[in-house]
Amino acid sequence: MQLTTNLLARLGLPFEKHVISAHRMPQQLFEFGKQAKSHGFSVIIAGAGGAAHLPGMLAATTILPVIGVPIQSKALNGIDSLLSIVQMPSGIPVATTAIGAAGAKNAALLAAQILALSDDKIANQLVEFRRQQTKEAVESEQQL
Amino acid sequence: MQLTTNLLARLGLPFEKHVISAHRMPQQLFEFGKQAKSHGFSVIIAGAGGAAHLPGMLAATTILPVIGVPIQSKALNGIDSLLSIVQMPSGIPVATTAIGAAGAKNAALLAAQILALSDDKIANQLVEFRRQQTKEAVESEQQL
Amino acid sequence: MQLTTNLLARLGLPFEKHVISAHRMPQQLFEFGKQAKSHGFSVIIAGAGGAAHLPGMLAATTILPVIGVPIQSKALNGIDSLLSIVQMPSGIPVATTAIGAAGAKNAALLAAQILALSDDKIANQLVEFRRQQTKEAVESEQQL
Amino acid sequence: MQLTTNLLARLGLPFEKHVISAHRMPQQLFEFGKQAKSHGFSVIIAGAGGAAHLPGMLAATTILPVIGVPIQSKALNGIDSLLSIVQMPSGIPVATTAIGAAGAKNAALLAAQILALSDDKIANQLVEFRRQQTKEAVESEQQL
Amino acid sequence: MQLTTNLLARLGLPFEKHVISAHRMPQQLFEFGKQAKSHGFSVIIAGAGGAAHLPGMLAATTILPVIGVPIQSKALNGIDSLLSIVQMPSGIPVATTAIGAAGAKNAALLAAQILALSDDKIANQLVEFRRQQTKEAVESEQQL
Amino acid sequence: MQLTTNLLARLGLPFEKHVISAHRMPQQLFEFGKQAKSHGFSVIIAGAGGAAHLPGMLAATTILPVIGVPIQSKALNGIDSLLSIVQMPSGIPVATTAIGAAGAKNAALLAAQILALSDDKIANQLVEFRRQQTKEAVESEQQL
Amino acid sequence: MQLTTNLLARLGLPFEKHVISAHRMPQQLFEFGKQAKSHGFSVIIAGAGGAAHLPGMLAATTILPVIGVPIQSKALNGIDSLLSIVQMPSGIPVATTAIGAAGAKNAALLAAQILALSDDKIANQLVEFRRQQTKEAVESEQQL
Amino acid sequence: MQLTTNLLARLGLPFEKHVISAHRMPQQLFEFGKQAKSHGFSVIIAGAGGAAHLPGMLAATTILPVIGVPIQSKALNGIDSLLSIVQMPSGIPVATTAIGAAGAKNAALLAAQILALSDDKIANQLVEFRRQQTKEAVESEQQL
């Protein structure tokens, strides 16, 4: 999730990071989720692996958008993480991204895209981020 | 995707529905994506099955949040749809929901949760939706 | 889970059944788990499907043994339910049984086997159950 | 399975460890299972990989609770081990834990949770184990 | 397995059929396997589904060739049966055929091919069976 | 894809190589596909990994044959790449090859086989390539 | 494969259809493949299911492009067919399409796209086919 | 397959080893299979990976028992090899063993078990092999 916070920082978005283990800290999970909105959070990004219950359980306790990042697990390469996060039953959504590093980065971008709906400065940063990203891709061809 | 629009209507969210086939209408996909923001859309929900390229390609053309719903495919039950949508490379996120009906409904709820960040009326509706949902679940116990 | 309670009843084990949705009733889940031991429960059997968080989250709130039954889900036939239940991280175990009907019945038998450790009457019933089960299997050969 | 015995030792639970290969030592498997209860065992923990028949076959010979740990196999990363252990037919349950190290540790904890039903000292140890585990998780946040 | 015995009968091979449940009749499994060779059997065909332990455990008790047929299971379509049968550890082989009907028929043919090594009459029957099978396939083209 | 161009060069086929990211360069993808035929290309070979949309989206913009090569992805070993490329809906085909190195080489050979339909020189080269390939395989036996 | 021939007929492409079973008619497979080019065929489309060896073995006997269509198998829904066809080793390519009906239709289109490289009439037909296909997709929106 | 020949040598079984690539040497495959019986072979062991067609195609050309060993492939860890070998259609069986090293060794043992049906010396060797194998397993316990 370091990739997530690095990208949030690069985009200039304020964030807090917390360690919450769904299974070892259920009380903290529950309280964090219930109070997240009143504490001023806008979007929650939760990474988890294996039987990955953290994103879904946080989503059950708040109406803030929750982005779930499936961490690549040891035995099953994150397919367990992915299914545990994305296959939420009707009623409680989790916005799921890709397994591993790509998903961790994209969680930051998705959060920014959500916040950009009501913040033109972030929108402009995203437009610039995309422009730069495309420029680098195009330039990589010239080095073939 | 009928389940999505039903739920959007129930939540009182204005929406448009369009048929865009990534592979049969690439030009339309491209133009829709590029103009979505200037046309006043806030969130795009795209359902697709099999080699499901629609959500990711839309996401590549806009900075609006794109929610991808993996449709249950015939042969592989939607695991192809899911992986084609969720495994996006770093740089372009798609907020992926569950395969099939649950994902279609949750896409509407996720869109509402995103919009609720800057719209207290939608936030209140979601709180009420959740309250009702919990109430029905609790009452179902009494019918055991 | 009707198969579970039918078998518990046949074995003469007292039980309660409750509807608890991990995602729609997180508060109830949390309170049930925390109070289960003091309320006199010995074993908890929890069935869940898809992103099946109920067994693992109950296990996180109690030291009672929790038996998880993966329900056969619509799109993925319960492989999502199975991985969401069995792939628990170190520290919080869930005793997982098979997907679907066999797992629902075996959850009841596993609970009985656990209780039989300190209850000879249940142990005797299980011995008789097994004897009968073997007898029926043997007799089925005679009908070939 | 070293992780299992380490944790059993830490919890102060008496145990024996044996090498029993279902396929190379079927006679020993059979005799061990049949005599396990009369020999004073309470819970059997069996780790196996690939076509993992040991837990299920032991369970077929005893009414003691059998905990099966799927070992991470070389080619298929333990998905074969998991399915061979968890997909038991109706009538003979195996309490299955996660693939690999997490499952090995959780097997010890599950055994302890089962024994704690009739042993308050073990119950107290588990409460303390959980308290410590949560404490460490909480403290890890402070090192972010 | 009716398909197996039908084909064995068509090929004129003598056979016995038995119901042996690995988990409900472990004693019978064990005794059948140990005595199969002295009782005059040449090849054992065992069908099993889910956590399919019958073929491997029979193979562990005899040096007769054991053919395992993975039965199509309800939830996982026989992928669990296949892996439980084919992924045997080094030392005890099981000759595995396809999941379901094709595997049931091919088990009979494989047994015949094995017996044909020392029985020219069976070999001739197999040659004729193949000739007929090819003829029917060729003729099916003429009906296009 | 270096393996592809190496083999194209060895076969003496003229080619261009380009970097086109479906998600970072959608505009370029779109324009390249639409103009490929008029620019004189005959066959397009596109490698992509994860949610691999490049081959299918190129195929949607041209009637030239498009060969898709699933790149071995980090978490899921290319099964996501394969399904994203091969499971195209009716109407827009992608000629898919194997995951990874074998697929990259075979894409070059498939392109050559397509071009050989109207170019006897390429056909002769392929016949010679195959003859040599078989010769090397046969000779490898002599080194056993 | 009826879907394939229907579409070939609609596109006005001449074709022959044959029944060749890789396993029941290996001699015919071998001879057909070796003579296909001299018999005037340009492209071979082969559908097969389960352990689907037909496309790959045909490809091994000819330098004509071979298109493989994975038929949806009973137990494994065609994932076995797909992997048996697409995962060809380096040296012998098979142009693989989607599992089932979509793949059967796309095989015809892919063959047409290959032939169109040297036949402007076919190219024009494909352009018209695509135009019509897009038109129908666009019109379906108006019926929402 | 070195593991196979090592074990065949240890068991004193005469064997030949050949390199036959199904796709690079189809002519040789075809001729080897058709002549294998008249050349005095009794059992054929064929290892193959990926789209593994060798065992099935050999089986299609002979009535000798064919044992297929799925080699662990690079991208998919041999699940493609396994399905390509085991999922044979009705009519042509392949006796499939485990993926990788265990399957390679067990192929040798299975061949020996087949030959032992009409050769008491081989049968005695297998009994001794098993006795030794069990002894080593039992002794490994004493080193715990």
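The chains carry the letters A, B, C, D, E, F, G and H, assigned in the order they are written, with residues numbered from 1 in each.
The criterion applied here is as follows: contacts are C-beta pairs under 8 Å (C-beta built on N, C-alpha and C of every residue); 3 or more make two chains touch, one makes a residue touch a chain.
This one's a predicted model, so the numbers in the text were calculated from it and none came from an experiment.
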Required steps from subunit D to subunit G (each step between touching chains, minimum): 2
Chains in simultaneous contact with subunit A and subunit G: B, F
Mean-CA-position distance for subunit H and subunit B (Å): 51
Chain centre separation (subunit B, subunit F; CA means) in Å: 33
Subunit A and subunit B: spacing of chain centres that average the CA atoms, whole Å: 17
Overlap residues in subunit F, where contacts from two or more other chains coincide: 21, 24, 50-51, 76-77, 79, 86-89, 91-92, 94, 98-99, 101-102, 133
Full enumeration of touching chain pairs: A-B, A-C, A-D, A-F, B-C, B-F, B-G, C-D, C-E, D-E, D-H, E-G, E-H, F-G, F-H, G-H
Subunit H - residues contacting subunit G, complex: 21-24, 26-27, 30, 33, 49-53, 56-57, 59-61, 73, 76, 79-80, 83-89, 91-92, 94
Of all residues in subunit B, those that touch subunit G in their complex: 17-21, 24-25, 28, 50-51, 74-77
Parts of subunit F lying in touch with subunit G, wherever the complex brings them together: 42-43, 63-65, 67, 82, 86-99, 101-102, 105-107, 109-110, 113-118, 123, 126-127, 130, 133
Interfacial residue positions of subunit B with respect to subunit C in the complex: 72, 77-79, 98-102, 133-134, 137-138, 140-141, 144
